[in-house]
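Structure first, commentary second.
Chains here go by letter, A, B, C and D, matching the order in which they are written, and residues are numbered from 1 within each.
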Amino acid sequence: TDPNAPKDDKVVVGFSVYDMQYEFFQKMEKGTREAVTAKGWEFKLHDEKSDENEMVTGAQALIDSGVDVLIISPFKPSALGPIIAKAKAKGVPVIVDDIGGGGAPYDAIVISDNSGGGKLAAEYMAKQIAANGKTGKNVASITCEPSAVYAARRNAGFKEAIEKAGFKVVAELSGNSKAEEGYKVMKDILAKNPDVAGVFACNDPMGVAAANAIKDAGKSPVKDIVAVGFNADPEALTAIKADGLAATVAQDPTAMGALTVKLAEQALNKTAITFDNAAEREVYNPVQLISKDNVDTVK
Amino acid sequence: MPAESPVLLHVDRLTVEFPGVRALDGVHFDVRAGEVHALVGENGAGKSTLLKVLGGLHRPAAGEIRLGERRYRPRRPADALHAGIAVIYQEFNLYPDLTVAENVFSGREPYHRLTRGIDYAELNRRTAQLFGTLGVHLDPARTVGSLTVSEQQLVEIAKALSVDGRIIVMDEPTAALSADEVTRLLDVVRRLRAEGRGVVYVSHRLDEVFAVADRVTVLRDGRHVHTGDLAETSQEDLVRLMVGRDVSAATRRTGAVRDDVVLDLDQVSAGRQLREVSLRVRAGEIVGIGGVAGAGQPELSQVVFGALGVDTGAMTLDGRTYRPSTPADAMAAGVGFLHEDRKSSGILPDLSVRDNLTVSVLHRVRAALTRLLSPAAQTAVFAEHRQRLAIRATGPGQLIGQLSGGNQQKVLFGRALAPGGRLLVLNEPTRGVDIGAKMEIHQLIDEVTAAGTAVLMISSDLPELLGVSDRVYVLAAGRIVGHLTGDDRTEENVIACATTGRRVFSEVAA
Amino acid sequence: MTTTDTRTAAPEPVLADRAERPSLGRLWDTWGITAILLLLLALTPLVAPGFLQLENLQSVLRESAYLGIVAAGMTFAIAAGAFDLSVGGQLALVSVVTLLAYGAGGTPAAVGAAIATGLACGLVNAGLITKLRVPPFVATLGTLFVFRGVAYILTQDGPQTLPYDQIGSPFVKIGGLNVAGVPLPFVIMLVVYAAAWVLLRRTATGRRVLAYGSSPAAARFCGISAGRIQLFVFALVGLSVGIAALTYITRVWTADGSAQDGFELKVIAAVVLGGTSLKGGKATLIGTFSAVLLVSVLNDVLVGQGVPSAYQRIVLGCVLIVALTVDGLRTRFAVPGSLRRAVAGLAGRSTDPDSA
Amino acid sequence: MTGLLRRAPLALPLLGVAVALALTTDSFLTGGNLENVLVAAAIVAIPGLAMTLCLAMGEFDLSIGSTVSLAGVVCCSAIIDGVPAPLAMLLALAAGALVGLANGLVVTKLGVTPFIATLATLVIVRGLSLAYTDGHDQIVSSATLKYLVGGRPLGVPMPILLAVVAGALAWWTVNRTRFGRWVCAVGSHREAARVSGLPVDRIRIAVYVLVGMSGGLWGLLISSQLQKGNGQLGLGFELDAITVVVLGGTALLGGRASVLGTVLGAVLIETIRNGLNLLNTPPAYQRISVGLLLVTALALLALRRTPAPAPAVREVTA
């Protein structure tokens, strides 16, 4: 391309990210940015800082600044409405990344199969409990903050599958997505149900924290109580290698970022997108169960 | 006082400035060992400012202070303490949540030799001992917040004595004390003198000054006007030096009292402080209430003002049943009130003089149509009061906290006049007020009675109580133990009723 | 030995009005933060050229409104010597209820519900404080949990959301419309501040709030009822949250129990930054207004310049401290002459008599 | 018993809640569960005790949650960098003390009102933790660090032991040392303390340093449980610490400190939280229950309190 060509010709991609404090989103940003620059396009970032007001203000500001396409990983999916309304008014396509779409008319959403991930966790847990030679049929679940829709899907997927396998979820308590609370909640679960055979946490900070609580109670989070997290955060991978966590469900935020850029290009060129779930315009990014068996294959 | 005894403290060309005010202008002043040196002057003359410089609270803009031969440049209160200067400030500096003993020895609490913790037994013992020398009994373990104003004043005095300083500075220490407490304090002052210490004594009560001081220095508008032996000075001279003109003493002109009863209390009891009190105040009449501190005076005034509930008994105002449940009710009925504790329950420190004057009658300074406050109307009220009460303020917008104590008192007096109708309840109306202002306030009280207002005045200042009132009731332990009219209104009678339990009831003429 | 000064000046004419020149300190109390805001606004175009674009300015004003409106109400509470920690919970609850009401009865129902729910929250606080005599700090700390809890219960099946097909509704216009180029939320905020200013400075009630905040004990003897003041200020905070929620919810379209976590601290910070004293008795609405804009502008500039969020925090925190340092030093040097001495000291001169 | 109730009115609601839980659950009274509750209570009581001094002084420190995060980051990243664990832990305490010192200096020397000063450090210190770690977890596996929550000298869990020691020290400080009385004096009437010659600035700075260090210890305890540090830990902890103090009855206006009250406040809060979990309460109802119990407990306390006579002097410092 001609470096002297008018700037207008260059495609500008705006990316509004949930919160750059988290490694998950740092990876997502990296995947998105690299895919954008690889195409010779311009990349503009906005950090929502886990705040719905900042999310709306910042995303609208990106649109105002003249981006050609908006990619957004929304802190509150249900606040996408006013953003998409503005984008539609200016003819800017919107690709949503992760979390959820909140029912607004975005062009496409790339999403991990959260419910499927919960199911993977349940299936692994059931299998591992049996392999440990345990006969207990009680398990527990530690959920994210009540408003996190994506996390609710994980829990629902887990619950359905684990019950199908003949287990009972005896405790379902919220750790509000926080490690500190995940630890305390696990302690309470252990006090009330010392016999639980497994625990599923909706994210890894809580999952690893719960595993720590199990260890502090003198038990193994792999052999005694099967602890499974979600995300494949570095701390989860480290813990799995050291028998400090049984498993986690991996999402691939870098790949998700790259995928959104591909969909953005299709939307810009008005080529049809192939959806995994056309009704919700969802494109799934696969999830994968990571345990000690395959943890070394994860980069 | 030996004139050749060494000079302990020497103040030279001292100047202190506040934004817009030069509070002290080249003042000089000295104190010798074994001397009580009185410092007098009108409200705002700069007395407290001078003492605050000595105490390390204000730093002068110019001038020099020497202690003996040494330069004295206090930068913080601790410097004054180290230099052996103990100050009793006009405004209390006490911790309401701490005990009496903890207040007295704040910063110098004794430690137990073995446990290395504060030795409370020793602390309380020393405190009790100090109060012993003051001739009062006060439980060292009581919380200061629960004390009366006069008890708090005693704590301040004990605090200064506990320092064992070479120079003791007292800013209006008797303003809140009862007559016998004053007598004992003056004895203590004489003892300090006998011990060879230097005492600086500030008071508006000239009889005390003459009773206890050796020399006097007069300040006026921040300037030094006179220093001299009291033996060579007459009271009239002193007053003239202070105010720059002659002032006549308090006397109540008679004849304004009318027949109609404004306030009638019939067997009123409230809590443990007030028992079966019956009294009447007529239109145009000034009724004084005397007694030792804690005899129920503030409670009586608060019952009349609706700030304290009546348990049994009845009140009428202008013949109609009167049961105010809040001060607002009382004010709506035309009752005005002056609190005895100016600092904590009188002034609104963050508000202007104008607002302080009008805050209880805001409905009168509103535009009729919009019901919005009218600054012009408020300023008019201010102008009127400043004229009438000779308030020294730079303008209506000055914060009341910036006025001298006496001028604050005048503003509060003005506020009490505001409901302006039937009855004025005055607690210690001239506490901390200079002699000129005192006369002016007495004149004002007279004026309002001429217009038919009834006045219920509580005062621990006996000359005031007897000089201004038409009749005097004496309270003891919440009961009326005396009713003095005509020639029975003597200091001896009041003191006898208040302290010895003797009951004196004059024949009521009308 | 008697000395009488001969250079006694003529007694000062007591009644003459000395020119009432407001001191620099008092000017700073009211206008200080506004001055800092203006300075920032003057410098901003140099560092952030995009700032002055119309759409950006509109966006800054639009997003300041909800915080600004609540801060106006909070100014009264702080002026009365209390503060309301529950505003975050109130905002969440009012927003959720407003969306529910919109679903049931459209725009008028939503507007009515917002105002009514806000007031109700304020009255709950007032009741706890005046009837049960729980200290305001504790009462509102408790209701912060309670209001958020109720909002959570109402959103157990997911956040309340304005459906996308309501995009043309007059309700949405509250947050989205521009009036002659000025965003409607900001217009509402201006009206709220004008009304609040009149209430604080020109009504008996406002004067009583300040009197009470300055000295509750003295106010009592001026006939001011503590209960009525507290009822008034906490109801007013509730009302302000009601109005603010309307501008908030029509901009973000969604709410649940977690909406605007930490809101209370932001609001109180804006009020105090503006110059209103936490001790009560002193309040400046102009200061609050400017402080709200100051924080918004600063945030916009930092975000616009792509400063990473960790560093945004550091800058914001430092600005808070610096802005209040000026004020703090002024009070510190309120000791007569000390500021002059300090300045003289810096200039290498000395007016200190002691060092002569 | 009545004496205890007068000095620690919180004992009554605590007893009520405990009895209710003993009746409605079969696990509340088990040894393991009680230990859970007490350990959790101990962990919040430790910073609560320092915060008690701060509130008694009439001020409060909002930055402590961020200090928790900073201490964890300092300790864990130092361990990762090869610093011996005990030294790393000392470094974390020092970092906490430094935050406290900064607060103290800004509050006294720059005259910034504590609310804003500590709110600003809250924002700045978290910014520092995040900037330093770039949002990454600092993961460790340290037995020494673990000993802080896992150790059982004399069979007593370390946090409980630490809290008992801290409580005894705090009680002694408040009631038997000059420093403690001076803190209450400053809280009761700061200007009077200045006029009485107390070193007011130094007292205030010392209290902020203590709070900072307690925040550091809190951070170490959390990082000991989680074996990591990061910029997200300790969010909102400032309200937890202040809540237990307020619940314990230390007057917000300063001047008085109830050490026993703070300890009971911590136990009450953690008992309620534990109870709600034992009862499987959905999260939405958990918050509302905590809020209602808080308001109820305090309303009861307030109603029991006989109105104190209006103090003649009172300065509210904030």
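Heads up, the rule we're going with is that a residue touches a chain if its C-beta (ideal position, glycine included) is under 8 Å from a C-beta of that chain, and two chains touch if they have at least 3 such contacts.
Keep in mind the model is a prediction, meaning the values are calculated, not measured.
Participant: Figure out the least number of contact steps between chain B and chain C, where 1 means they touch directly.
Facilitator: Steps on the shortest route: 1.
Participant: Using mean Cα positions, find the chain sitting nearest the overall protein centre.
Facilitator: That would be chain C.
Participant: Among the chains here, which has the CA centroid at the largest distance from chain A's centroid?
Facilitator: The most distant chain relative to chain A turns out to be B.
Participant: Taking each chain's centre as the mean of its CA atoms, how far is chain A from chain D in angstrom?
Facilitator: The answer is 34 Å.
Participant: Based only on mean CA positions, could you tell me how far chain B sits from chain D in angstrom?
Facilitator: Those two chain centres are 44 Å apart.
Participant: On a C-alpha centroid basis, what's the spacing between chain C and chain D, in Å?
Facilitator: 28
Participant: Distance from the CA centroid of chain A to that of chain B, rounded to the nearest Å?
Facilitator: 72
Participant: Find every residue in chain B that makes contact with two or more other chains and list them.
Facilitator: Residues 57, 344-345 of chain B touch two or more partner chains.
Participant: By the touch rule stated above, which residues of chain D touch at least two different other chains?
Facilitator: Answer for chain D, listing residues that touch two or more other chains: 130, 135, 231, 282-284, 286, 310, 314.
Participant: Give the residues of chain A touching no fewer than two other chains, as numbers and ranges.
Facilitator: 20-21, 145-146
Participant: State which pairs of chains touch, listing all of them.
Facilitator: Every pair of chains in contact is listed here: A-C, A-D, B-C, B-D, C-D.
Participant: Can you check the complex and tell me which residues of chain A touch chain C?
Facilitator: Contact set of chain A toward chain C: 19-21, 45-47, 49, 51-58, 60-61, 64-65, 76, 78-79, 81-82, 84-85, 102-105, 145-147, 149, 152.
Participant: Once bound in the complex, which stretches of chain C touch chain D?
Facilitator: Touch residues, chain C against chain D: 81, 128, 132-135, 137-139, 141-150, 152-153, 155-156, 217, 257, 261-262, 265, 268-269, 272-273, 277-280, 308-314, 316-318, 320-321, 324-325, 327-332.
Participant: Sort out for me which residues of chain A touch chain D in the complex.
Facilitator: 20-23, 26, 143, 145-146, 171-174, 176, 178-180, 183-185, 187-192, 194, 205, 208-209, 212-213, 216, 233-235, 238, 242
Participant: If we count contacts the way the header does, which residues on chain B are in touch with chain D in the complex?
Facilitator: So the residues of chain B in touch with chain D come to 55, 57, 76-78, 80-81, 89, 92-98, 102, 106-107, 109, 111, 115, 117-118, 144-147, 149, 152, 159, 341, 343-345.
Participant: Could you please specify the touching residues of chain D with respect to chain C in the complex?
Facilitator: For this pair, the touching residues of chain D are 62, 106, 110-113, 115-117, 119-124, 126-128, 130-131, 135, 231, 236, 239, 242-243, 246, 252, 282-292, 294-295, 298-299, 302-303, 305, 310, 314, 316-318.
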